[in-house]
Every structure is written in structure tokens, then in C-alpha cells.
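Have a look at this one before I ask anything.
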Amino acid sequence: MRVVLLLVALLLSGPVSAQTVVGDAIPQSLTGEPGDAARGRAVVANRQVGLCLLCHTGPFPEERFQGNLAPSLSGAGARWSEGQLRLRVVDAGRLNPATIMPPYYRTEGLERVARAFAGKPILSAAQVEDVVAFLMTLKE
Amino acid sequence: MASVLVNVPKTAKRGEVIEIKTLIAHPMETGFRAGPNGRLIPRDIITRFTCVYDGAEVFGLTLTPAIAANPFIAFTTVATQSGTLVFRWTGDNGFSVEESASISVE
Amino acid sequence: MRSLPAIVSAGALAVFLVTWAMAQTADPRRSGYQEMGASLRAMQDDDSANPGMLWVGEGRALWARREGAAGKACADCHAGETAMAGVAARYPAFDAATNRPIDLGQRVNRCRVEQQKAEPLAPESRELVALSAFIARQSRGQPIAPPDDPRLRPFVESGEALWRQRQGQLNLSCAQCHDDNAGGRLAGATIPQGHPTGYPIYRLEWQAVGSLKRRLRNCLVGMRAEPYAYDSAEYAALELYLMSRARGMAMEAPGVRP
Amino acid sequence: MSPSTRRAFVIGSAIAAVMPLSSARATPEQMRKAIEAVTRGAKINTGKVTLDIPPLVENGHTVPLSVTVDSPMTDADHVRAIHIFNENNPQPHVLHANLGPRSGRALLSTRIKLNASQRIVAIAELSDGGFWSGAAEVVVTLAACVEEIV
């Protein structure tokens, strides 16, 4: 058990773990585990962590002042597969280089990142999985 | 140096209601905010503003941390006679500023 | 000397005329002033309610104060409330001594060092911001008029390149928000087009007056990018590009912005 | 400044800077008690008081507010005091102003801080001992591109 934990720690200690892109999707979980939709909802709604509602609207009746720069998150889980959502969260720029959507799980190829954030992705692998799990619940 | 702006009409007719506007530079630190070290920044606010005109206090305001920084206070008074309006702001840490403006009443 | 109310109404009239003229030519550019609610517009419009005027007043006092080994005041050379009219509308300008553009605050410091024999003021210090506000106030209503100096052209171009460069952990460029998505809502805030019409501005978020550089710094911090040093060539280039982009728009200093 | 102390990186949320401690917030109940402390339990009539405050506030740091009271402001019939209360800042009693017949009109303008959308109440104390009130609902939006505390 101790050995396994150590391996996980090593894998997660790098800036980002490897991802395999297949078509327009990342089929495999970044952590090897399914995410938690409730935690994912909290990440999406948090304006300091997920930042999502600065640009997107979504089914968050308790959240005032959602942005209108990007499509509504409602129905995301019906429009896209889990793997497609994962790639869009990890690095939407791979699908649309001009997107304003930040790359949530990429540390390479960024310019002049503030010292406090250098080498760190916006979300951890576990947070990405939680967000993907939550988005998959948005069927309408 | 506390920076102050008061706007009082130079002249008025006797009995006319005049509007007075004041601004004063002050941080109005609430005492509820944490500084960069995580500790609360001590309260530093103006607590009282008065206007004395023709020997009487014609307006007074008690301020709390909820008043915005660089307080703006506007009110009215009746032009009674030519003379001086004296404005005074007092507050935490011995803050005390006085400014005056003269008015000519016909 | 003209009375202050006369200057105020002349300035307000000029703002109106420039804005009106722009409306006639269907200029799509909008000042951040136009994105604000009525109460904040009223706060800017009334000099006896605009908190930025506190800084203008401090700047006026500093303008008249003797400084440095030369014992000279700014007012000894530039007397009166209108001596600097139009000047802020023409900065940043090319500085032959350093072969690069300098902004208004840097120009004030040049005068302090060379004429007053005084220490330069720190960038974004209360004194420098106050002096800048006093100077910029004298250009209110005048059209933004960056100098047509060929030596500035490469800096305008590098400023535009910086404007379009993605940066920070969020990988955003200025242009993505303020060109492509201006008028949209970032959470509760309407994204302005980013014209430097009101600087220095009293920003409610700061509860103080600050320069365009401080505002640019805010955006960089928001993008999670490393801010430039205050006296860097990058800010001067960005300022220069923004002034050229806003050419002809009316100066509003001291503006009020959320 | 160490990274952990920065409040930066926040594109939204001016709230932390205004009043960071959620435990320090007042409640509608505390506002009711603060009002009672002023009126000493007297009946509060609705009317006469107009509270002018923008329904949509762009930054809670500085919210312009005006109160006018319908009163002749004579020796016999005038407003003695105007109070402002809120239900969500750390302290419910925001200010009180002393007025009198020499005010000419019952008018007060100032600017306050609001840490969230909430209800604001203005109460006027008249020379006959009566209390009158007016209220307004205010929605506070979040500032964009907030700077860290310097």
C-alpha cells in the first residue's frame, strides 16, 4: 500500500500528468479515477478556483452575475462525451487556437506566467476530473 | 496634509436654501480587513463631521466604517447672514481637520 | 484669469462637442464612461463630488511648491491653471535623450531632476499621481492627440503586439477581452473597450487615483501574468498604442471608474 | 509579498477587500435590533422618506446614496435626525445625521460601502417624536480584475 501511494505521489508531483488525445477527446481519466460531481460543481461555481462563471452561464440559480462571453454550460453533458469534455477543460486551444478559454491543465507554451503560478496548472488533475464528472450531469 | 474640498456658494439671498458639498481624503480603514500578513488592519476612520455657521451647528454626521473612503458629504442649510462656515472632521488616531468658507448674504 | 466654473463648463462643453461629433460620424469607439451607470457618471461630471479632484487639488499645491536644490516650483516656469492645457493628450511622447517614449509621469520626473535638481518621485507615488492629475485635468474635453512622430511608430507597433500577446496562466491577451469581447459581461462587469480617456482615474476598486500603468498592471494580475516594472518600456509602448487607438476621443481626467 | 498572502489572481470578487469576515456580517435580526435602539420601540411609519441609491451597484466600495425627507423644516415641524441601516455589513447602523430648521431642506448625500446585495433602510426622526422610514433593495455586482492588497 505504501508503495502505491508513493507512486501516485510521484505521478502527481510533476506539473501535469501525461494525457493521450484521441480525435477531439481525452478518453482516459487524468487520475485513473472517476471524478466527484458535487466537488466539481463547487469548483465550477467558485470564481477564484474554476473561474467558469466569469464567462459562462450555467444552471446555478444561487449565483448572480454569470458571464455571457461563452456558451451556457447547461446541456454540456448531452452535447459532448466525457472524453470530449475532458479535452475542452484540459486545453480548449487544441480545438480552437483562438479560444478565450484558458488551458486548465497545461503548463507548457504559456508566456510570462506570474511567479506564484509558474509551472502550475489552473486546476489539478483531480479537480479536472471532478469538473468533467459534474459537466456530464448537465444533460439539459 | 489632509486634502479637503468644500463647495459653498460665494453669494446667496437671505433665506435661500444652499447646498454644500464636501470631500476629504481619508482611507476609512474599516478594521474588518486583513492585511498582507493575515492580521486585521486596525480601524482608522473619521467618526464625526460638523458644520458650524453663524454660531450654530447646522449639520452633524456620525460616521462608521461603512462610509466609503474619501468621504463625500452633501447637505443643505439656510443662508442666514454673511459670515463663515466652519467644517470639522474628527476621528481615530487624533484625526482633526478644519476648513472654512465664507459666504456673502444679501 | 477665468473663474473655475467657467473652466468647468468650457471643459464639459468640449467633452460634449467631441462626443457629439463622434456620434455623427458613427465612431464605434466608446469611453468606459459610457458603460457606467448614471450615478457614477454624475460622480465624474461634478467637480465638487468627483473624488479625483482631491488629487487634482494636491497636485495644484505641489505644482506651486519649491522643490530641490534649485528651489524652483513647477509654477515658476508654467504659471496658471491652463499652462499645461493639451499636454496630457499628447503623451507618451518621444524622448530624444533616451531614444524611447516617456509618459507624463516620467516627463514630470525629468523636470524635477533637470530643472528643480530634486529627487525623482517614485512611480505611482501619491505625489506623482497628484501632479499628473493636476496636469491631465487641464486637458479635459480636448481630443486625444498622440504626436505624429515617425520615431514613435516602432513603439506603437510593439505596443500593439503586446496588446495582442497572450500571457499569464489564463493565456489571455488584452485584445481578446477589449477588442473581441468588449460590451460583453465578465461576470457582473461590462467589458469596456479599454480607451485611456480618463487617466489618471479615481477607481472605486482602489479608492484612490491611479495611472494607466496601474490599471494595465491590474489586468495582468487578473490574467495571472507577471506585471511589468513600472518604468518598463512595455508599459510606455502599450500606453502609446492605446493613445493612438483612442486618437480623437475626449479626455475626461480625472475619470471615475468602477 | 509571498504568494500565499496575495489576494490577487481574482478576476471577480471585490467582497474580500471590503469585508472579508463572513462571521462579522450583520443579519436582518441585528438590523432590527439596531433600529429598535434608535426608536426605543416607537412605531415606525412608512413614507415621507425617499432613499435614492442605484439599484445596480458596480463596485461595493463606493455606493452613492441620498436621503430626502418630506418636511417643511420649520421650527415647529422638522426632521431632527436621519439614520441609515443595512442588514449585511458588519455593523448594521451605517450613519446618523443631525438636522434642524436651519437645514432648510431635509437632504443628505454621502457614499457607503456594501459587501453584498441587500436591503438598505433610512429612518427619519421628526421633531414631534415620530419616526418615518423608506427602504431600497440594492444589487452589488462584482468588480472585474481586482488588484491584490498592496
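By written order: A, B, C and D. Residues from 1 in each chain.
Criterion: a contact is a pair of C-beta atoms (placed from the backbone, for glycine too) under 8 Å apart; a residue touches a chain by one contact, two chains touch by 3 or more.
Keep in mind that what you see is a predicted model, and the values were worked out from it rather than measured.
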Can you tell me which chain pair comes out on top for contact count?
B-D
State, to the nearest whole Å, the distance from the C-alpha centre of chain A to the C-alpha centre of chain B.
51
Taking the mean of the CA coordinates per chain, how far is chain A from chain D in Å?
41
Quick one: chain C and chain D, Cα centre-to-centre, how many Å?
33
CA centre of chain B versus CA centre of chain D: separation in Å?
18
Contacts with 2+ other chains: residues of chain D:
6, 8-12, 17, 61-62, 64, 141-142
Where in chain B do residues touch two or more other chains at once?
21, 68-69, 72, 74
Touching two or more other chains, which residues of chain A qualify?
47, 51, 54, 64-65, 114-117
According to the definition of touch, which chains form touching pairs?
A-C, A-D, B-C, B-D, C-D
As the complex stands, chain C meets chain B at residues 46, 48-49, 51, 53-55, 57-58, 61, 207-208
Considering only the defined contacts, which chain A positions touch chain C in the complex?
47, 51, 53-55, 64-69, 93, 100, 102-103, 110-117, 120, 122
Under the definition above, what is the set of chain D residues touching chain B in their complex?
1, 5-6, 17-21, 24, 61-64, 66, 86, 89-91, 93-105, 107-114, 149-150
What does chain D use to touch chain C in their complex?
8-12, 14, 17, 54, 56, 58-59, 61-62, 64, 141-148
Could you list, by residue number, the parts of chain B that touch chain D in their complex?
17-19, 21, 30, 32-38, 53, 56-69, 71-78, 80
